[in-house]
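Next up: some structures, all given as structure tokens.
Next come two complexes built around subunit A: one with subunit B, the other with subunit C.
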Partner chain A sequence: MKNSKKTGFLFIALGIVLCVSAFLNICYGAINIPLSETFTILLGTAGSNTNAYIIWQYRLPKALTSVLVGSGLSLSGLLMQTLFRNPLAGPFVLGISSGASLGVAVLIMGSALLSSFFTFDIVTNLGLSIAASLGSFLVLWCVVLVASYVKDTMALLIIGLMFGSITGAVVGILSYFTDSEKLRQFIFWSFGSVGHLTWHQLLLLAVCVLTGVAISCYLIKSLNGYLLNENYAKSMGVHLIRSRYLIILTTGILAGSITAFAGPIAFVGLAVPHICRQLFSTMDHKVLIPAVILLGAIVLLVCDIAAQLPGAASVLPINAVTCILGAPVVIWLLLKDRKLFF
Partner chain B sequence: MRVLHYFVLFFLIVGCQQKIEKSAAITKNTNSIHHAKGFSIASTSSGITIIKISHPWPDAKTSFKYALIPKLKRDNITLDSKEYDAVIYTPLERLVVTSTTHLPAIELLGVLDKLKGFPTTDHISSKKARALVKNGTIKDLGNVASINTELTLAVKPEVLIAFGVNGQNKAYNTLQAANIPIVYNGDWAESTPLGKAEWIKFFAPFFQKEKKADSIFSVIENSYKITRKLAKTAVKIPTVLSGAMHKDIWYLPGGNSWAAAFLKDANAYYLWRERQNTGSLALSWEHVLKKGRNAEFWIAPAQFTSYTGLEAASDHYKQFTPFKNKKIYTFSKTVGATGSMLYYELASQRPDIVLKDLVHILHPNVLPNYKPFFFKPLDL
Partner chain C sequence: MQLNKSIEKLKIETDILKTTLLNIGYTSKSIASAIDMNVDKGDMVAIVGVNGIGKSTLLRTLAGFQKPISGSITINSTALTGYSSQKLATIISVVLTEPIASKNMTVLELVTLGRQPYTNWIGSLTTKDIMLIENTIALFDLMELQHMKCFELSDGQFQRALIARAFAQDTAIILLDEPTTHLDLHHKVRILKLLKNISKKTDKTIIYTTHEIEMALQLSDKLVVLNGTDNPYGTPDTLVQRGVFNKLFPSDVLTFDNNSRTFQIND
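== the complex of A and B ==
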């Protein structure tokens, strides 16, 4: 009883923090827009033309992207950690991000070769998203294929990592032969970014992430089954092998679509599930799924605020911020509780 | 024991005297460098030319000193080679350069045939140099960051003209050990248009073509100064935006940079001219939108060559007035046979052409019949 009270309190707290950080995220940027003006712009009434454009076409989509990316990655991290029964797993263990990197690397650095076939500029935002999705789904498809042969989930984990190594090597070779301008484009993509999604792209991303969330909710019973031994799960009416494909596919949809639009964003997917388990002291997915969704969104919103250096016109890469802010938090939680809740 | 002391003392005195003699030998200081800040040239009465590179890369703590000795006087001149970073015998018959910006000077001096190797020859755009690549005179030496040691040794250069970012290059150590002198060129660290172009005078002594270099440079200098004066006659000073975004960050030239100097000399108001920065600025795009939205012209939007390309990269570009009024100009459309941008090769040597291009674009009434070479309007 006491535990459920604590859970309820934590959820309310997380909800409030989410709203506050989302609002701060919209208020805070390179250009100083007064709080009152931000309100009037958001309410649709007047406001200076440029400021209104910045808020509606950049900061608001950016905040929503942060929410979707943070919650989607955390959720897929949770799915992978449960599936592999391994606390080191994250959304990218199946080689999804390396597949996406390969797709983008081929597009950016191979476009010098392809440009004789294409007269138009193919290295666009949309082109990058398509290449990243193609790359990640190619790798994911290989993994699913392998999964039908290999019944051992640990072997699947290793195979995912091996796919990652291979694609990493190919990207390395491509980079070596590329001129600095192209290389820079690729490196910038690999830093990750939650900015610059149009409302259309945002809608597409939202559909993917919400689909992932819906399937995960449907899977709650099987996910909890993974925490038990296999025979016991069967006695509960959970078919582990069948749900395995569904979990892999859901992770693919979540991590794949997010990587396509925002680049490979590190750390969030691995760390947020751990923070939630430590906070809520539970393994029940009925609690963990909404918890990682809320906390993931908060983490990315806060990191995006921190990426905007105070007083300076420049912005830090989001990938660096997630790691620098996030890693100490996980270390602190583990030191405080002196054991990993897993 | 005492005898030994006397010996040491004797050698010390003799050593000191020799040193004094050497420094006294530098009499003639050919002080003909007016714009470039990165190098100086002096010559001794005995015929040695001494090139000092004081600014091989931005914020450099080290400098380099090279001695150039005419091959004809090789047997008559003795010098302490330890005082110099390299000793080179001129005129050169075989050399290797490593940056496309080195090529125009060599071509203008008429010694392109002495060039025997270049890293990634695909980057070369000059027609004459491309012909030499095709007939095998100029050999490809691999990637510039890790030049292929074996191929470089095989072309037997008498000198390799390098450029450094920080002076760390392992491949150069191996070449130096094989007695190939490495000479650092710092043209790229120069921040004024005429300063960069004046580096032709750095190449001249290697081929004993000092007079030719002086006359070529003074033609370029005059043409530049005349255009600058003409630009001043324009009444209206247009505002200019530059660069483009990578993700959320807009990269544009600093207020004291080479690119900004051109805009100043073209009598334009570059919106970030107050930023005391010789390199590039990395600014949040929100800031650039606020300040640059209503600029009249947009010069050099990174790699973009068309309005559709800009639009596909980011919808935000459409908010800028030069986008709406189709006033964006780029040098990315002027490419050589292999697709490399000519601007990166030739512009530093020919600032007069760059300035004329800009004046023609920014002040249509000043040079109405001029046909721009580097800068062209973006494709629709």
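== the complex of A and C ==
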């Protein structure tokens, strides 16, 4: 029972850190807005018009996007690691991000070839989101189709990786034949970004992420069963086929929608579940699911703060920051315990 | 004659698990056929035979992991296929040879997983669950180990923890696939005696595969001998009398001594 006390304490601590990092994330930016003013603006009182506009139309959506992206990616990483019983699995092992890349590559680079047919610019934020979702759902659909033929989960993992290779190769071919301006645009998308979401897009992303969280909570017992292995899970009453489809679908909804709106953000989904397992010293998904949601949100908020170069208007690519800040943490965890607990 | 018939009838009713003309294997290849077992409540039954003869396949078929090619399996007079996986989880629990995915859980967490078929959608434990888990931990002598992680345990301790998880599932039947492999003689005997104790004390039916034929003869109530032909099933005494074990291995290597019920190595 000492453990449950520690768990409760950790959850409270994570909750506080989340609130603080969210507030700091909103305060911090290219334009200096004093802490007290940020606070009053958030409360809906006073504040200068420009600053209020910056906070309500740019920084608050950006912070909320970070929260949704961080928690969603971490949660789908946890689901994939448990389903594939593999500590190296992440939200993108089934080729979801490569599918999204393909969609975006086709849109950006393909539109150049067909530009004479379009009188308007289709490479907008919304266009990118739609292309990325179409791409990731195309790959996900292939994976689900294959999953109904292949009984072995490990084979499914490898097939997912193969899909990723194929789409990667197609993207490579497209890049080879495209001009540098379009290529630049594509590379910028692949850096990932949590800014630039409108409130409407944010609402859509929130619905997708919350749906994913809800299904994951429904799956808690099945996921715990998977910790032994599939046959044990079955012997404990877990409906194997249904739970496998649900896990794949949930990951698709989470990682697919996030990649569509924020680009392929690496690392968070892989690392956060590991950090949570070490932190809470448990494998129980009843604890791990809320834990990865909280920590994932914190990690992305902090990375987004770090991406904001002090005193400059430019922002570092979030994808690079998550790796530079996150990888040493995982290495440190490994060195500390000399073993990756899974 | 009339009496015999009514005894026979009574016996059928106490059968918890019964197989008739069971043919197991895969659609492309039958592995063993004509397996007839009728297992009583509280029996300890060993499945023996040479490597590759189908011991694990039989166990997996009984657990419902794979379908029989033909023949029937009934549990409490209802066909195995008639149970939902949720319901079956309250009747049969398993201990398998396959490695578990995560050894990064404590013995207590592992044993607690056994309560899954009974808990609500989020897996909360009731006081009854907690009491049963505590009793199981005590029964399997795991008190000192309960907060240790599974990867810290020795093979024998880990096997005990796995069996405890199956026991905590509180099923009438426990199926175990080679529970004594990788253990030294002392731990082999310890595990088998523990199983025997459980079956007698708690009236649970235990079916296990093993290579330890001599020990199985001493400790089991019934044996299934998979020999590739008629696959006899019965008590140790009848099987020994029928000379089933004399033909199990090539006679130029091993002979079975009916008196000591041991195998002798031939020169």
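We take it that the second predicted complex is superposed on the first by the 339 of 342 C-alpha atoms of A that agree within 3 Å, B and C clash if a C-alpha of one lies under 4 Å from a C-alpha of the other, contacts with A are read in each partner's own complex, and residues count from 1 in each chain.
One rule holds in what follows: a contact is a pair of C-beta atoms (placed from the backbone, for glycine too) under 8 Å apart; a residue touches a chain by one contact, two chains touch by 3 or more.
In this text the structure is predicted, and so the values were computed from the model without any measurement.
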State whether A:Met236 touches subunit B only (first), subunit C only (second), both chains, or neither.
second
Kindly classify A:Tyr58 by the partners it touches after superposition: subunit B alone (first), subunit C alone (second), both, or neither?
first
Regarding the shared-chain residue A:Arg85, is it in contact with subunit B (first), subunit C (second), both, or neither?
second
First (subunit B), second (subunit C), both or neither: which does A:Phe39 touch?
neither
More residues of subunit A are touched by which partner: subunit B or subunit C?
B
Would you check which partner chain A:Arg184 touches, where first means subunit B only, second means subunit C only, and both and neither mean what they say?
first
Using the superposition on A, tell me which residues of subunit A are in contact with subunit B and, in the other complex, with subunit C.
none
Residues on subunit B engaged by subunit A in the complex (per definition of touch)
123, 143, 246-249, 282-287, 289-290, 293, 303-306, 308-309, 312-316, 319, 339
Complex contacts: residues of subunit A adjacent to subunit C
85, 217-218, 220-221, 224-229, 231-232, 234-239, 277, 282-284, 286, 341-342
Could you list, by residue number, the parts of subunit A that touch subunit B in their complex?
29-31, 50, 53-54, 57-58, 112, 115, 120-121, 124-127, 176-177, 179, 181, 184-185, 188-189, 191, 193, 195-196, 198, 308, 313-315
In the complex, subunit C residues that touch subunit A:
60, 63-65, 85-90, 92-94, 96, 98-102, 104-105, 109, 113-114, 116-117, 119, 121-123, 169
